[in-house]
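To start, the structure under review is shown below, and the notes come after it.
Chain naming follows the written order as A, B and C, and within any one chain the residues start at number 1.
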Amino acid sequence: MNFFRRQLPLLITFVTGVLFALQYYVPHPASEAMLTSVTKWLQIIGGFALVLGVTSLFHLHAVKIRRKEPGWGYSFVLYAGIIGTIVVGLWHNGKETVDNVTTSFGWIYNFMMVPLQGTMFAILAFFIASAAYRSFRARSPEAAVLLIAAIIVMMGRVPLGEYLIPLSGDVTQWILNVLNASVRRAILIGISLGAIALSLKIIFGVERAYLGGGKE
Amino acid sequence: MSFELILGAWVAAGLTLFILTFLYQDNPLFKLAEHLYVGVSVGYAIVKTYDTVLVRLIYEPMLKPGFTQGEWAKGDWSLLIPLTIGALMLARYAPKTAWMSRIAFAFVVGVGSGLAIPRVVSSYILKQIEDTVRPLLMLGADGGVSFTASLANPASNLNSIVLLVGVVSVLFYFFFSVEHTGPGRVVARTGIVFLMISFGAAFGYTVMARMSLLIGRLTDLIEFAQPKYGGATWWLLALTIVTLIVFHLRRGRTEPRQ
Amino acid sequence: MTFAERMLRIDRRIIFLIIGVCTLVPLLFPMGLAIKTSPEVTSVYDYIEHMPEGSVFLLSLDFDPASKPELYPQAVALLHHAFNRNLRVIGMTLWLPGTGMANEVITHVAQERGKVNGKDYVFLGWSPGGGSVIINMGQSIGTAFPTDYYNQPTASLPVLAGIQSLRDVQYVVSLAAGTTGIETWYVFGKDKYKFELGGGCTGVIAPGLYPLLRSGQINGLIGGLRGAAEYEVLLGRKGRAVAGMDAQSVTHLVIIVLVILCNVFYFMLRRSRQGGGQALPSGS
């Protein structure tokens, strides 16, 4: 039984990892057919993975209601939102429009989900301004460099800035295309090397945190 | 204008204003909108997953009568394999069967890692290094060499040198296994200067992004303030302000005097 | 408390009010300043402009409602351009929350242009999996999407006639708000299947995509609302993006003024504290 709990998952990771790493270099039709099938399977399995996130949210708010924790009434609002959207959505087979006519599901999406999500992120504009005023200080030469670069880019990316200081647009382009590109490239190379190292550790069973659930 | 559209405008304007009340202080209107947001988003995700995965990717290819498309003829029973693996993933909820979910995760993570390695090496490492180590001089058709020093042209030789210096110095800065002393300190300091410029550019762009989001929402609120929507924004703004005043007064009465 | 200290400790709601007013006023009273176009946006425009009629253009709308103000105008402009050029348009999304918006923008623009679903364009919808979807499409589009968003078998659609996989697509543009976006399309798509790739993105991730732009891995980049405005100018079709640029200008200038003021007050405070022999409190 220990084999199924401990060794089998590690063996599956190793075999699939090596197989699909080598598949990239093997253009044989059988190899390509295997790639087509398995990536199709991953699309389906990805859908099941979404269920995991949803159920933990359900559980969190069910506990809140059961224990009558502060703000537990809002959990009812959350459940009402979930159930109402599901009922309406399934009624219209998950379609926001049918023959170019907006369904009730589409109405919920356009007039509830879009404004709610949009505004949640829009209020960040206020916080970034407040944070810039309170914390963006040239405490050191490096901070001063950061400050000056930020001001140049903010000027150069808007028509009014380019109108007031015409050179700001060109300097911004140079900063983005050369200085910024070099830094991002270095960071990209570094992160990629780290990601490859992690993937190799996972394939060879050194890193096992992804397995999670159940006793070993 | 249809009733659904007008009702939608009122609901959208109302929910937008409820979220914006957070800027004044946390309050029940914001909490209501926040929980509704999570609820509707989750409900939407569930419906879409059902339609896309269960219906279009599993049911139709496997069971729908007369359904044919390309090489996937009716009754594609090989889809039972991903269905089984997906079901194994859900086994983690029962403590006795939780170990079975490891098989599913092992498969997904193994395939994902295997697919990623050669593609990441090719795309992010080889291609990026190839573009960094460009020739420092241009070879002309007549066999002569030239050096382009235009800062405005990102592909000029001068900019290629700056790019190379930037990449190497930043990579060196993050190499903490070697002490940054002597010439190494100069290289690391150069890297820091490049990093600060890049972070400044990132901040500038982030400000642009965040302001754009606010512009988008305010544009909608201006639209919904028009008479054809019954002046939704104005009425709901008044209602929101009155509600906030009421909450403020009630909080003042219920909180003990200091 | 000195004046500088008072100004540094000002209630943040006053700053919120300043930002709110400075965003609202230009929207109500636009200035109409000229917008200069950049090479990275022009590259995307030129590529589509030179595509022969009937070529296949795939637009992947990889964003959610949070990024709508920046990326929706880009999508509108690109679709108008593609339909203007009589290209065969394939729409899709890799982001679940964006499915409704993606469907709406394609349907809406197609209707305006008199294009027919299934004949001139198709919306494939969303599929989970990110990179696996792209690889699957690279192997066979019919396998990744057996049906379109409206449950029509993709093999029977005239717009997809002769298109077996991504190798048959001439140009892919991904409008991305984060991971599972442009980089994913390159790593899992263009690297092996060799189609041309362009990108549109939010301002937050734009600086991170310049290495790919410089190396030619993407042929162009439409960055944020400014990028969308530039594309509208190139197309000669001013829309929401151009309308928003005045407000963008004013708010940027306000933030620059706030940052400069913050530093002026900071140095005033530092000088007065050092002059009085006091150490600066941490955090100020």
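Side notes on the structure shown:
Quick note on the criterion: contacts are C-beta pairs under 8 Å (C-beta built on N, C-alpha and C of every residue); 3 or more make two chains touch, one makes a residue touch a chain.
Since this is a predicted model, take the numbers as computed values, not measurements.
Nearest to the global CA centroid, when each chain is reduced to the mean of its CA atoms, is chain B.
Chain pair with the highest count of contacting C-beta pairs: A-B.
Among the remaining chains, the Cα-based centre furthest from that of chain A is the centre of C.
Distance between chain centres (mean CA atoms), chain B to chain C: 11 Å.
With each centre defined as the average position of its C-alpha atoms, the distance from chain A to chain B rounds to 5 Å. Centre-to-centre separation of chain A and chain C, using mean CA positions: 16 Å. Looking at chain A, one finds that residues 24, 39-40, 42-44, 46-47, 49-50, 95, 109-110, 113-115, 117-118, 120-122, 125-126, 128, 132, 147, 150-151, 154, 157-158, 173, 176-177, 180-181, 184-185, 188 touch two or more other chains. In chain C, the residues touching two or more other chains are 16, 19, 23, 66-69, 96-97, 99-100, 127-128, 132, 135, 140, 143, 192, 207, 211, 214, 224, 226, 248, 251-252, 255. Shared interface positions of chain B, defined as residues touching 2 or more other chains, are 23, 41, 44-45, 48-49, 52-53, 55, 57, 112, 115-116, 119-120, 124, 128, 131, 154, 163, 198, 201-202, 205-208, 210-211, 213-214, 216-217. Across the complex, chain C is touched by residues 24, 32, 35-36, 39-40, 42-44, 46-47, 49-50, 95-97, 100, 106, 109-110, 113-115, 117-118, 120-122, 125-126, 128-130, 132-134, 136-138, 147, 150-151, 154-155, 157-163, 169, 173, 176-177, 180-181, 184-185, 188 of chain A. On the side of chain A, the complex with chain B involves touching residues 4-5, 8-10, 12-21, 23-25, 37-52, 54-55, 57, 71, 74-75, 77-86, 89-90, 93-95, 102, 105, 107-126, 128, 132, 142-143, 145-154, 157-158, 170, 172-193, 195-196, 199-200, 202-203, 210-215.
On chain B, the positions that touch chain A within their shared complex are 4, 7-9, 11-13, 15-16, 19-20, 22-23, 31-55, 57-58, 78-79, 81-83, 85-87, 89-90, 92-93, 95, 98-121, 124-125, 128-129, 131-132, 151-152, 154, 159, 162-168, 170-171, 174, 192-208, 210-211, 213-214, 216-217, 220.
Interface residues of chain C facing chain A in the complex, by the touch rule stated above, are 8, 12, 15-16, 18-20, 23, 31, 33-36, 38-39, 64-69, 96-97, 99-101, 103-104, 107, 111, 127-130, 132-133, 135-136, 139-140, 143-144, 149-150, 192, 207-208, 210-211, 213-214, 224, 226, 245-246, 248-256, 258-263, 266.
The touching residues of chain C, counted against chain B in their complex, run 13, 16, 19, 23-24, 27-28, 66-70, 96-97, 99-100, 125-128, 131-132, 135, 140, 142-143, 146-147, 151, 153-156, 183, 186-188, 191-192, 202-204, 206-207, 211, 214-217, 223-226, 240, 243-244, 247-248, 251-252, 255.
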